[in-house]
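Pasting the structures in now, so scroll down.
Across the two complexes that follow, subunit A remains constant while its partner is subunit B and subsequently subunit C.
Let's look at the complex of A and B:
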């Protein structure tokens, strides 16, 4: 049985310092078992400027079992599958501890973006490119960030406006956009699903 | 185990020393090879590999032995790091050897899965049955060697990203295999 009281606390705690960490966690629906995490690409990496969405599924044993995390945003990184978004990170596996939280786990994922470990790859193709042709790796990673992790060149206000034009109340559009980390398509999906 | 050994023409010839200080891991299909040297690195590797599947559960006795302490006015700051509930005055909580405190229910549940402190990973004693495999070797040397065997298995696992094959039939002396067989056919099998 998931400890929902703890998950609620985590969400509150996380929303308190979104400004500082840039890390967001929002439930996908009323069921707290499925959430979406959002991390900004670390500055000084090919992921800089991107916003990465991570699908989170809490197992029944949470927090005694690690949350399942997977990139929903396509990303080019040796320890993340370019196909499925699966993440190779010890704390999400055998090194999990119940003192870790969704936020600290997402911080670790963000740190992984800064410090690839090509020696323990999730995606062998990316890892080989990283080791053999680092410049090309950086180029590809940057291109993927530009293409997939910058959901839109529109600013928040323009996105809100777009949703309002579709007939949604402004306040609702704004909160929907916020809860999904600014992705207008996800926001639309959320608004449509009620 | 059937330890695969390979001669890769592109690799420099590794020098053999005391087999206890060097482990060579070779993956014939991926043409990969890893050489691990030195007692120090072996020790750290051992630690890492021991945790490959997480720390085993703590022994019942050690869980029982954790003192129950009362939360008083002077030490009520903070929270249980497992359920994130703040401490309540005069609550009785469990204190681990590393001094970290948790609700009894919270920490017992965790220690029955993995016997380490959620906060600092301080390792609790493990039940004898858990250690049985390592202990039946008897003296220190045997135990060390058997553990080295585990290093090899874990690493091959890791490098392959493939479960199964090579870890089914562990041998007791994988540390002995040396890179001294210049086989032109790229690998040979030792038993």
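Let's look at the complex of A and C:
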């Protein structure tokens, strides 16, 4: 069984210093087993200015088993799959310790954004580009940040309107936007994939 | 040199002992060791049963505990980390020092026990895992200093045990690699799941088998529950107390003088009859309609399958019935014909070669099975003969001869797959020139032939109805059996020596090892007594073990031959010196 009391405490603790860390964790629904984490892209990296959403699923043995985390926001990084958002990070696997928390894990993910390890890649294509042509890598990563990780200035209604103009029914567009946390690109992707 | 003698043919040699009747008894006495089949009383190879598993590892544990003045659970953690290789552990100790040895294995030895925060029932701590307060008696501080509440520890242990990590449960603190004290794990887990605590204990104990290259489970099915421990050399053949004989290295049937790799390849080859498949692919073509393999039995290239479909033999494509030879002349696939012929030729040659070796292998294996059945009837003959009023009362030569026959029959049958690979191209294509190959092949085949003729001779003598013979005739048979047995033993030994030093020994590839030849048959592992209580007794046993190993080696030949036969190619263990370190502790113990 998931230790919900601890998850509650973690959430409280996290919201207390959200100003300092910029890291947010919020449950997706009433069920505390599925959460969404948000981390700001680290300053001085191609991810700067972006806000990255991470899907978190807690296994039954949490905190004695590591939480499952993967990027919901598309990101161009050697240790993160550009397709699925899967993260290659030791503390999410065998180096997990029950003494770690969702917040410390997200901090580690944020640290991973600033210090990629192309020697142990999750995404071979990205890793090769990183090693062979660093400038292009930075360009692509920055472009992806601009495209996928920047919250648009448009309000929800405008986003819905935009999607309706593209030919999607309004109710569907609204629910799609809600399910991805207001990101119109992700909503569009979701609508297109059916 | 032994190599120049010819055992099989020389009459003089064969009747060497038969000169006069008096020498008979003398022979039996003198050569007792060579002819008796009784296995050594204390074998260096041990059977480890469920009951003796603890006793089996006690020696290693005790050595490490005494050398490093450690508690048992620390010694166990160290040994598990170093896979029960005490010599390796000691080498790390000498090379890198004690603290490094401990850190690598996750052992924390608390030097000063005055904790900065002693846990008492009145004090409370906040557990960093569940973020709840816990009273001192509901929390546990591990030796590394990290303290969490008992509920969280228990949960952590249960998850790790279920994940199969019983042998290395690390502390819960981030980046702390200390291994948790097994007593704490046992204690906390048994409060909630007594079954799981038992499982944990079992896993810890079985590490001695699972993580130890010198100990392996007996591969018997249904499993007898035993494990076998060898000393010195893992390339050997053993017999478990359940009766199963197997190769310790690859756990399949005892197959020397084949190497494990050769045997694996051979059994696979025999199993899926890949040569037959090969033949089919080369000699037949699948019908384009029913896909059955069709063999062309002459005539033109228009073939028709039994299903009625006609097709072109050259390109395999379906054709109509009105198709004639003239209409496919000049077909473009014709230019590959030459290649195909070569391929056919090659497949045929490979198949015949395989059949040659396989037939002989099978013939001897079958003989072995038949002779095993004969054992009963021959033993009956012995009891009939014993009833009679003969001067000769001792018929142990019959059983000894039978055992020699079984042993050498096996050697003979496995020598064929060995030759198949040794002189084939699969493993050693570039290892020798064709000329070298031919010379070596002849050398080996000569030996094989000599052995073969003597084995058949022995089989023949043993099948004689000696229970009906008169005194002199029985003595004569006895003479033959004993003589041929001695010859066979020497031939087997020579063959193994030749394989070790001249054939496999000359190769650059060091991947093929064979189990050494044991004159007295496959070594039967002896029971490890589980009630070995005194520490004194267990060390004493160590020394005779080495002694048995020595006298178990083939007797009669020079010591240089001995080492050449079984140990020459492998590095000898150089850890013997370490044992002396144990001496002071032992003396202390004695007093």
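Convention: the second predicted complex is superposed on the first by the 152 of 194 C-alpha atoms of A that agree within 3 Å, B and C clash if a C-alpha of one lies under 4 Å from a C-alpha of the other, contacts with A are read in each partner's own complex, and residues count from 1 in each chain.
Convention: a residue touches a chain if its C-beta (ideal position, glycine included) is under 8 Å from a C-beta of that chain, and two chains touch if they have at least 3 such contacts.
Treat the numbers as computed from the prediction; the structure is a model and nothing was measured.
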| item | value |
| --- | --- |
| Overlay on subunit A: subunit C relative to subunit B, clash or fit | clash |
| First, second, both or neither for A:6, with subunit B first and subunit C second | both |
| Partner chain(s) touched by A:169 [first = subunit B, second = subunit C, both, neither] | neither |
| Partner chain in contact with A:120 - subunit B first, subunit C second, else both or neither | first |
| Shared subunit A contacts, counted only where both subunit B and subunit C touch the same residue | 3, 5-6, 9-10, 63-64, 95, 97-99 |
| Residue ranges of subunit C in contact with subunit A within the complex | 128-132, 152, 155-156, 159, 172-176 |
| Residue ranges of subunit A in contact with subunit C within the complex | 3, 5-6, 9-10, 61, 63-65, 91, 95, 97-100, 104 |
| Interface residues, subunit B side, partner subunit A - complex | 51-54, 81-85, 106, 109-110, 113, 116, 118-119, 121, 158, 161 |
| Contact set on subunit A toward subunit B in their complex | 3, 5-6, 9-10, 13, 63-64, 94-99, 101, 120, 124 |
